[in-house]
Amino acid sequence: MKKHYDVIIVGGGVIGSSIAFYLSKRNYHVLVVEKEALAQKASRAAAGMLGAQNEIGENSPLLPFALKSRAMFPALAEELQFLSNINIELIQSGIIKVAQSEEEAAHLRAIASFQERLGEKAEWLTTMQVKEREPELSEVVQGGLYLPNDGQVSAPLLSKALAQSAAALGADFLEYTEVQELIQENNRISGVRTGTDIHLADHVVIAGGAWSKQILERTGISLETYPVKGECFSVNTHKRIITSSIFSSGGYIVPKSGGRLIIGATEKPDTFDESVQLDGLYSLMTQAVNIIPALKNAKWEKAWAGIRPQTGDGLPYLGEHPHVAGLFVATGHYRNGILLAPVTGLLMADMIDGKAGDHPFSINRIPYMKEANI
Amino acid sequence: MKKHYDVIIVGGGVIGSSIAFYLSKRNYHVLVVEKEALAQKASRAAAGMLGAQNEIGENSPLLPFALKSRAMFPALAEELQFLSNINIELIQSGIIKVAQSEEEAAHLRAIASFQERLGEKAEWLTTMQVKEREPELSEVVQGGLYLPNDGQVSAPLLSKALAQSAAALGADFLEYTEVQELIQENNRISGVRTGTDIHLADHVVIAGGAWSKQILERTGISLETYPVKGECFSVNTHKRIITSSIFSSGGYIVPKSGGRLIIGATEKPDTFDESVQLDGLYSLMTQAVNIIPALKNAKWEKAWAGIRPQTGDGLPYLGEHPHVAGLFVATGHYRNGILLAPVTGLLMADMIDGKAGDHPFSINRIPYMKEANI
Amino acid sequence: MKKHYDVIIVGGGVIGSSIAFYLSKRNYHVLVVEKEALAQKASRAAAGMLGAQNEIGENSPLLPFALKSRAMFPALAEELQFLSNINIELIQSGIIKVAQSEEEAAHLRAIASFQERLGEKAEWLTTMQVKEREPELSEVVQGGLYLPNDGQVSAPLLSKALAQSAAALGADFLEYTEVQELIQENNRISGVRTGTDIHLADHVVIAGGAWSKQILERTGISLETYPVKGECFSVNTHKRIITSSIFSSGGYIVPKSGGRLIIGATEKPDTFDESVQLDGLYSLMTQAVNIIPALKNAKWEKAWAGIRPQTGDGLPYLGEHPHVAGLFVATGHYRNGILLAPVTGLLMADMIDGKAGDHPFSINRIPYMKEANI
Amino acid sequence: MKKHYDVIIVGGGVIGSSIAFYLSKRNYHVLVVEKEALAQKASRAAAGMLGAQNEIGENSPLLPFALKSRAMFPALAEELQFLSNINIELIQSGIIKVAQSEEEAAHLRAIASFQERLGEKAEWLTTMQVKEREPELSEVVQGGLYLPNDGQVSAPLLSKALAQSAAALGADFLEYTEVQELIQENNRISGVRTGTDIHLADHVVIAGGAWSKQILERTGISLETYPVKGECFSVNTHKRIITSSIFSSGGYIVPKSGGRLIIGATEKPDTFDESVQLDGLYSLMTQAVNIIPALKNAKWEKAWAGIRPQTGDGLPYLGEHPHVAGLFVATGHYRNGILLAPVTGLLMADMIDGKAGDHPFSINRIPYMKEANI
């Protein structure tokens, strides 16, 4: 006789594992079904920036959501360390968004003003002040916006720590298991079929990243999401050459533990191809070396790519299916899956608990909800 | 306006690529759609033995099919070298199936007699003769069946060479593209949908290995196939320690190019999990060291696993769908996908050409054809 | 004009880097010369156990030295995190030395008594108590000695953190640079030659692990040290299966961050060959699966080997050269290089400071000092 | 009692292994001593071009030597296949040396004339002819010198095949064994010391690549050689985009088996550092994409570096030591070690046989021979 779960989560990346973690903390009995191995794909490929202020525009409804998520990291890091024995390498040494033209500088100064009015720390640094803080930046940098509270974690370690902590709290995980069918009865979800096995549950959450869309098509909805490949590479330097993450219009340079730096990321839409192409590497290198010439002597480590789920309006889809009770969706985090993982896990747990208030990420928002073409 | 293909092949492993190759030789315009990268999974994991006589029982309808395929390799190797610049490392130095008990010896002697009657070379070697031929075999070996015409190739190179040769002849390939839907009109296949793209074709061949079953379920048939994990490892020795591949009841030891040896393979049914487990390695090592003690000093290289498609009656499914005209299936090759790739490619091309005669691998054979449970 | 260093350290492993770190803290100007890359070889291969009580016999002069080193880790971990941004993954969850026979049990109970008299925590656990603490241990375990204060770190991260922290404090590092000659004037060291470059210094420390002996031979002494290969492998489990490190007469099983376990290590003397051989893996697996049967299902990760410097009497050589003033040696740590790195760094800094008291690791102890055969 | 060898070869790269192979064919009893693993370093890093006409200037005494070596490859490939079961992937599809300016074009046309006078095939291709032959070359290419008889092999496979073939013929190999001392008696070599072991031989050949110089310094000679790092990377394309190797003033692009391309190589003198730096990759990419724009879409594979031995006058050192009878040297092949391996092996075997005639590579040529500084 099969176990009956409270919640089945389809997808074992950082979003699925975070949902599993927050549900497990509330004693929900959870099963995570992952078609390959846990904590792979975009969850492992990410540079791990927590750019709540850096990434998200001032008018976006995502901003308060992202700020809340960023604030959750310090306590979460300790909790995950305790439960999973994994240090997620939370570093809170800020992001500097550099300007390379007077236009960019003006734009960033405006953001600084706005964010200060909002009560968030944001400081405009003159060219000289930038150089004092980060002496290795080149003369192409014409000032920068310093966001001291934006930080970073190790994306692969966060993903793994969430999964292992959920497991420590009782969640079950099935790897290398593909969901073939979402089982419904009278417009209510009742479980999933994986090959010849049926797994029953009161709720099912689709947290399959860029692969969520195809899982949902069979249920009569076609979310407006599409995959965007991001290519990255990493190098090592013997001495640390930057302290904060450096963000420019052409990409970012993130200093990781022990002299390692991640340089990313390209944005190539509409492909699931995880290979790294030469043009992507070349454009990343051009920009990185332009901003930090000392990178020329850095030692090559490796290159990789991840496929991130973008949406039509740039907001994630977080909510219950309009036609199938008990079926939830959590995808569309694009470049902010690591940053938003904690608050997404919490919100989805609240939804399943029936405690979630209004929010702007509902999946039946107009016009991004439409009938699937099948 | 989308191209209209003659044939779309779903799956870019050794079987799909071989079908693409033989169709391209006949000027069919072919598209291969592969959900990840080409030439991976079981096609890459295989040890590459061409065990037509070794693997296949005397009463099996697979035996003449396998013998025919084995005979195709020498000419195919030259053709692939020419087209793709890849040497598939065809080695025709035989397989010795060793006995470890009097019962096994009696059984193998009977096979030798049968195969000789059949006109195939097969020689019973006494313990002393075995030792003369392969001095490193230990005293647990009590004679063996020598099959001089069974050989081996590099499985990853064969898979890659078939794909690249098909490409050189004009076949198109889409990697990292998953088929979401088989499109039918009036019980006739008309193409496939991959995400938001539609690809049209007169014929579609499902050659997805162990993943074929789930692609087909939507068409109303449920093939009786199941995945079987096989774990392997490889070592290196400075000097060659065996000349022929050694096959025992507990696994095989295959001497590859340049002192490398592949030891395989376990058989773990009903899982798509591609990780290697300690119990699998341990049992392979126990058997290998028992038969060739000198392996103790061999240098560890790496371990891996592949997921092979087994069927209810042990025969592959090769044929047209009973309800959907133009839709073909080629799967279920289990441990013999490398050996059978050439003849399978040829047979499928013949079927699409309308030239194939009767054969025992039709997919509507009783009782392995049943209605899908959806 | 070349810089004149206070100290040149030959060898950039965990010992050389620790010495560089402690000297840099005292404002010595240090150059580390490493013939390959930093933090490799035995320093990277180690499982990272801090087995002060576990590894070292009761009568050994090494015991108080090791206890002191173990006690340095908590403060050191914080200091390295601050300077290098590297978390060395210090875990203080104890070692259990399991008995597999009544003889072993009696022996371990005697050690428990001795260590308690010494004031060190050491607790004899009955079979039932062992199983309560570590339920996955099998019935071959007949009680065990629990050493709650023995812990572990990540060996590669400790090695890297020491090097990077020394660099942050001003130490220079030359990688891929082999010392060809130790330069002396009037029986006093004055520097080293590396290819065509001369580097001058008041003191030189040979911290080349198993390779120290050959560097020293040209100076007229032949230390009685020899290389001992240790082979290891690692696996992953989804849930943690043990909490403490498990030590048996046949090897150890160390639970690392996030469900990873390191199983080690063989002892193969008199070889610098860093390859892993099948017999080594096989014996490690046999023992590990015997003690923790659940390891059978663990996922294979990888195998590796390190070459450790053992000495004639099992004690390290730490001290000044008998004939060449200013030339120091720090090698011979065998299986305890990670544990002893902090105290070794401190002692060598004290020696160079002229503050070190008497200790039993002098390199001119009888009879292990002899004339080199050149 | 130790074996007494005819010849000990110090270095197990492509040169050392070739010498071992040619000596073993003449029934010399040979021992190869390699300080790490066989067939590594520059021998594995090379792109494998056989650029006898491409690399070597018209007045160089190296030219006839290189032409002779190139001519040895077809028969050698078959011999190595037979002895070692390794296909060295000899491809004889020519090199095109492209011009990017009128000056370069004029220079290359002059070379074409010279080589034709010499009797070697060399054809000047106009811009249009180049594009016909290699349609993917960009408009920066202004004609090119086509050398149809220059080819390529797999450098790692050639190195391995030579070693394994020598082993098959009876040569012994010691890996991970460093020669500490060259043993002489009365100005005649008698063997080598490796740690505590003595290996005796009538002849010793130093074939240690860029590391040869330091081995020889103890014998009173200081060869004028220095290490030059070369960085490379490789990519994959699904279809073959070039047929010949493309050589430009900024590097080369070599099409290997199965759609793989190697792009190389930088030239960074005076370092043994085998890491790849960002500036090296960046300059290689710039040049490669400039010449073949389609490379932008190629898939990244990996990057690596090798340390090659260059000499003061650009000629290798091949000959007997001026002061120590029986001690030979074979190094300084710089970028042509793969090409020159066969003829070097043959010449060194002839020298040891006492059959070698005059040649311009003697190690006591003026002024590159000087007294060692020790």
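To keep things simple, chains are lettered A, B, C and D as they appear, and every chain counts its residues starting from 1.
What we mean here is this: a contact is a pair of C-beta atoms (placed from the backbone, for glycine too) under 8 Å apart; a residue touches a chain by one contact, two chains touch by 3 or more.
Fair warning: this is a prediction, and the values are worked out from it, not measured in the lab.
Touch-path distance (fewest steps) from chain A to chain D is 1. Note on interfaces A-B and B-D: more C-beta pairs are in contact across B-D. The chain with its Cα centre farthest from the Cα centre of chain C is B.
Chain centres here are Cα averages; for chain B and chain D they lie 39 Å apart. One finds 48 Å separating the Cα centroids of chain B and chain C. Chain D has residues 175, 275 in contact with two or more other chains.
Residues 37, 175-178, 180-181, 195, 213-214, 217, 271-275, 374 of chain B are the ones that touch chain A when the two sit in their complex.
Those residues of chain D that touch chain B in the shared complex are 84-87, 89, 91, 157, 160-161, 164, 167-168, 173, 175, 238-240, 255, 257-259.
Here chain D touches chain A in the complex through residues 235, 275-279, 281-282, 285-286, 288-289, 295-300, 302-303, going by the rule given at the top.
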